[in-house]
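Below is one structure; the comments refer to it alone.
In this document, chain identifiers A, B and C correspond to the written order of the chains, with residue numbering beginning at 1 in each.
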């Protein structure tokens, strides 16, 4: 069993008067893929965005409860959200490369955090990130062409490369394949499985098959609550809660 | 359980359940007819069983096709998945029950040629007990009645014990009257077939439990001890 | 559910009533197209009439009739030690009288001198001052004729009108024709329209002062409104909380864009001239006033451009751990820049054509020198047009039209630049 990387205890999120997330407690294990599933608006993305304090960027959002990374509370004044987001990287639903070159896309994170001492080191970081994201062979000859010129699946892998270029410990993925075709999706899923050797991954997905395929742990959210969490096999073959069962068998009204 | 959002999925699952129910009904019918053939020494009935069993084989293939289609097209999860997988297994089990019934019917034709003996009545009684359990377990399946399924599962020991006593009786009888060894062996095989049907029935009970509860029925089922020959031959 | 709903009546698509409807709908489509085309045609026609009228009125001002004279720069009239104080008027008179020896009476000679622009002595003086070596030599130089003869040369004075109702007498006309016959009259391109400052005499009046005045005013306007506008827009879009105060500010900015420009003029008059005591007619004040007007345009355009940057780009940067300023300067501003520049140029183009506020701060003064900085008095293109349109001299009519053409040319150039920038730098995402 992998050690616990992040813990959430009694997390509540409010958007203005809207109580979006109610009393959620989850453990995110190291070197494990944790999937968050649930119907739209159930709070799974909201919770994901709590893990790297992206909700801080929404003025009306208020987060309560404790979330720790390696035992340290991420809301502690000693933790800077800017550095936290380098340690807890994020990949978004729609591939969103910057309208810059492929190289600059990947180099952006290391540059702003000052992770490379010189150009050679930066080159090495970029190559390593692109290689890990299984994109290096496809783009090594055109690093200076715009990242937006790649195909959808390549763009998403570029975004993953960009996220892992800052050597994060946890990688959050918010429906990373929802805009991709099945082949690109399979490539990303293969990549997720690869990355599991190094990182702790959390993936929000609407595709239950995808959650079943890539994750080892699954958490089911419904109406802002965490209904059930546990081993993916257990959740998808024999969930304990009636709501989970109804959702994964396609019975939700 | 509430219906699926995709109603065609419900229809597919209903179709599978209906086929299994039909197979169950047919298997019951085959066993009933076979037992009647044993009892009445009616070889026409026995012939009928042999013919009807073909229909059961066809149904088995239909269920298999349906299940494969549902898995491929609808990706069932949790209870739905268990139902489909259980249906795959049940179709095989029910087909086996049909085969065993057919075998009983075939043997009944041989019995009809020979003299009538008392013990064939005991075999028929054992068969009726088996038939009752099969009947109940199929009810348990169609109503997802776990309690009934568990009760069937527990009562299989009755069949086992019935078989053991029949075995003793038959062997003793054959030892005393070597002339009927041929006839006795036929009855022994029929009893063995019934005992197998009883085992298949418990298997169905286990599947019903698994569909509903999602976990296997424990391994502590009361079982009859294998028959010891010592007491008889001793 | 009723039976009718259960079994819908089959639709007969060939039903004549339905066909009539289809025809009517097509008819309306055609009508809408025709209406749009007519409106567009009308707009193009109006524009053509406007530009046509301007060119028709203004073409005369693009050339200027000159007469080439032989000037004797004698040392008696122009002292080499102080050429500026020379009697150039007498030199011009001598040159003109020399061409018409038969004219002797004072009255006729005065009429003769009226043929030449009163600015001729000054042109001669400037020429000699630039090159004192000319003193003691004779100089052939083309000087502008006065306005009535310029009109005459361009055929704008009808020779068949009775002499009493004509600005040029028969005798003067005859003398001018003689100059033409002698080949001394030429009509070169009117470079003076751009290189001369304003003048009482239409044949000498140019736009140099107005062009520089507009340039300085726009420079000041740009330097103030561009950074301030962008900073304000960035704050409002990226940092400001959404509450009643920011809503109020937003409404007021939008209102500001709709405030009549003359109000800004009054404000500038009261604040910049009244309280701050800045000089009247200075491009600095004009630029500051125009900046007030341009600011809302730039803020609105910048906000729209910033809003158009997809939030996914911001999220991507934030998700990598970029701070707010890095998000703004590394991603949002570069992507919004084409939109910002477009808005700015359109705002500046508006400012270039703005007249009312400049009138109120005195940028419609009569100034015969181009400004040498933002503090020296100047006019601007639109106010210069205003001044000329107000002038009684016949020659200013065509000059006004010509000046409008110049102004329009600048506006078109600026808008074209805006379109070019938008096309050139628009990024795909």
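Just so it is clear, a contact is a pair of C-beta atoms (placed from the backbone, for glycine too) under 8 Å apart; a residue touches a chain by one contact, two chains touch by 3 or more.
Fair warning: this is a prediction, and the values are worked out from it, not measured in the lab.
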item: A-B or A-C, whichever has more C-beta pairs in contact; value: A-C
item: Core chain by centroid distance, with centroids computed from Cα atoms only; value: A
item: Approximate Å spacing (C-alpha centroids) for the pair subunit B, subunit C; value: 102
item: Distance from subunit B to subunit A - Cα centre to Cα centre, in angstrom; value: 52
item: Subunit A-subunit C separation of Cα centroids, rounded to whole Å; value: 57
item: Residue ranges of subunit A touching subunit B (in the complex, touch as defined); value: 208-209, 212, 236-239, 245-246, 248-253
item: Residue numbers on subunit B that touch subunit A, as the complex places them; value: 1-6, 9, 75-82, 214-215
item: Complex contacts: residues of subunit C adjacent to subunit A; value: 241-242, 310, 312-313, 315-323, 326, 330-331, 335, 427-429
item: Residue numbers on subunit A that touch subunit C, as the complex places them; value: 52, 54, 57, 59-60, 82-86, 89-92, 94, 96-99, 108-109, 112-113, 148, 159, 162-163, 166
